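Note sheet for the following structure.
Per-chain numbering from 1; labels A, B and C assigned in written order.
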Amino acid sequence: MEDALLKIKEVSKHFGGVYAVNSVSLDINHGGICGLVGPNGSGKTTLFNTVLGLHKPDHGEIYFHNEYISHLPPYKIYERGLVNAFQIPRLFFNLSVMDNMLVAARGQEGDRLLNSLFLRNRWQKQEKGLIEEALDILEFIELEPWAFTPAAELSGGQRKLLEIGRALMARPRLLLLDEPAAGINPVLGKKIFQKLEALSTNGMALFIVEHRLEILFEYATWVYVMDKGKIAIAGQPQAIVDNPDFYAIYLGEE
Amino acid sequence: MDPLLYVLDLIVFIGIFGIVSLSLNLEFGFAGLANFGKVAFFLIGAYTYALLSQTGIPFYFCLIASALVSAVFGLLISLPALRLRADYLAIAILAFGEILRLIVKSEDWLAGGDWGVTVARAISIEGASHRVDALINIGLVYFCLLVFFVVIQLLANSPYGRAMRAIREDELAAEVMGKDRTKFKAQALMMGSAMAGVAGALYVQYLHCVLPGMFMPMITFTVWIMVLVGGPGNNWGVLLGAALVQIIERGTNILKDYIRFLPVDPTLLERILSDLQYIAFGILIIIVLLWRPQGLLKESKIRSKVQRLAYDGRRAAKNKGS
Amino acid sequence: MAVNWAQVIFNSAVTGSLYLIGAVGLTLTYGLSKFPNFAHAELITLGAFVGYFVTEQLGLGWPLALLVAFISSGLLGFLCCCGIFQPLARRGSSIIHLMVASIALGFIFRHSIGAIWTWKPLYFTGTGSAFDFGPLRITHLWLWLIFAALALSLAMHLFMMYTKMGKAIRASSSNPGLAQASGIDVDRVIRVTWFIGAGLAAVAGVFRGADTQIWPMTGWDIILPIFAVAILGGIGNFYGAIVSAFIIGLAENVGVVGLMALGVSTTYRIGIAFLILIVTLIVKPQGLAMLFRRA
């Protein structure tokens, strides 16, 4: 347990007296797909945003690779390999699909002012590799033909794919995905999960919020169920499905 | 006045304001910063140059000092200001410019207060004609313009410029994608201020004087027209915008010299001509915002041959394979 | 140098009253349309010139001057809103574009005024003379100004609390989506607010013009403190504006005493508002609004 990849310790976040996340503790291990499910408003997205550094936790601590990260700004957390894909794509709409991908690469030499002017050879060399990598990902998400079109001209489903592809571009150590299968066709949704599973066996850890439980439960190795800001149940997918409390939580709202 | 001199004069002005509009393009066109106090940094450069040149320091040193002092002010302003929302930033920087003008106006010891002081030309040759003088200035101004243009163009097409554009598009998303938005914006403001400072220095040495009335908020506004009309995010576009606006502005001034030949009441026309010009500018900008918000020239895409080559290479390999 | 503190306090009330009347429109339109209207300065200027036109050039009385100024600036604000700002907002223009458009409109108005009335300063004549009241030096105009600010505060309070339109303004300002969903025509509310706000700017312009002089920059001369009032009071917050107008009035007048004591030029009095503005933006951008949660 000591060397869990992500360690969330009794984290709480409240907005004006209402606890969105209430003393949540959980671990994400290296590799594998971990699911996070729960009814709307149970605090999943707030928990994600707190991990990403967009919210500072009111209580509790978050460790990534045994490093305390709760005080870090989002861009530093990202540089450590903790990457996120938003539920509603937040693309750079006036940039081309390719440039959207390239922006996301970690540790770019040309990202610094002076390097970009005076060490052109160095970043151009790096850039070549990144472009190949981006093309590989674009090919997988079937966006290669649109590589040079502005992201604004993509359809809703394509935007979603680009959002995920862009996150992969960072070669994450831990990838947080907020509803990756929402808004794209089921076949592609399944394909994405297959690819994600392949990535997870290569050592990338995934932490996924997903409402389409049938897909998630097929691939997840561990699932946390959140309810009213707390972790209500945790276990392997099969155990969750067999747990009567799960239905009470999930169907309670309907 | 000598007709050729009008043209040379126009070219100098296009160059000086070309620099300022390039600097605003860096800040607004690429980094998305609403700098409504451009004139403040123009003023800082101008007064730095005016004060330093009186001590007999060589002009190139004064120019560099203008850039540095402006850059430092840009950085100082950016420290608190960049945490602000776009509208607060706009109000704060605009107010900063007004206060600076107030200071140079009130402090007589600084540079003559409201009356200003004369400023020596950067390069002056004994007994040179006005034409030669103007040509020298064209050389000086366009040398600076070229340097800045190349720098911004290189930045815009590098990963640095790409990150900057990403921040403009969605700063929060850029921040969770590893871009330190405050750093990028501060650097944009610093570089933009340095360039505006140099332009201010060139401006006052060309006009031989510096006085607070030269730094009205109107300057900021005309630079915004140049950028928005020309096309934010396109360096060629903003130069085109600078040229258009300056042609109209200088043209109106020239018209004033010839007004007595027109078949209208000269006193009335003379009185309202510059008012009409600014009314026209205002209408122009509203038309652009309503019907062509991207400006005359569209934002230039990030130019990368490498991307194309890699892409086409793959295509070719695939076609061979199938 | 002995300072006449009673006079300082009184002057603060006068300054605060002027800023309050000038800032109400700005803060309300800013809160509703979500961008600062820089052309507000020219709405003030226009009011001053229309007031001048009615009293001096037509020779009619003050009440009529205020009314005509109110209506003409109000109409102009209304037209800007539905002719330019709302169409721009509908086209998805960014806040920066809206601000640029407002500056552009300001230029059009300022130079139109300059073309019509020239850039030479003009003076109102029938402003009455000063008289002494105890330790105070007072003019009738100042008394009217304070009275106008008090009347405005009361009227706005009643309007915001008890009329349908006032409630709609408050609702649309705090949560436009919810207001729209509950059957309020937010666009109409915005247009009405622009009319009232611009009209009040004109009233401020007439008072300012009568107190000093008028020229096409009249409004621009006091736009900094007016922005400071709107921001310190909390954008869109009328009650905050009342408090902050008098805070800034007081700060300016006490500041002037301080400047004179230090031997610094009193032209810096406008710098005091600037300082308050910057500090508010950096330290607490929501201004005094937290004091008036419900407003």
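In this section, a residue touches a chain if its C-beta (ideal position, glycine included) is under 8 Å from a C-beta of that chain, and two chains touch if they have at least 3 such contacts.
Bear in mind the structure is a predicted one, so any value in this text is a computation, not a measurement.
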Remotest chain, chain A as reference, centres from CA atoms: C
Middle chain, criterion being Cα centroid separation: B
Averaged-CA centre spacing for the pair chain B and chain A, given as whole angstrom: 41
Centroid distance [mean C-alpha coordinates] between chain C and chain B, Å: 32
Separation of mean Cα positions, chain C and chain A [Å, integer]: 48
Chain B-touching residues of chain C, taken from the complex the two chains share: 35-36, 38, 84, 87-88, 91, 93-97, 99-101, 103-108, 110-112, 114-115, 118, 220, 224, 227, 231, 265, 267-268, 270-271, 274, 277-278, 281-282, 285
Chain B partner contacts - residues on chain A that touch it in the complex: 52-54, 73-75, 78-79, 84, 86, 90-96, 98-99, 102-104, 106, 108-113, 115-117, 120, 123-124, 127-128, 131-132, 135, 144, 147-148, 166, 170
In the complex with chain C, residue positions of chain B that touch it: 28, 32, 34, 36, 80, 83-88, 90-92, 94-96, 98-99, 102, 105-107, 217-218, 221, 224, 228, 271-272, 274-276, 278-279, 281-283, 285-286, 289-290, 293
Contacting residues of chain B [partner chain A, same complex]: 151, 154-155, 158-163, 165-166, 169-170, 172-181, 187, 299, 301-302, 304, 306-308, 310-311, 314
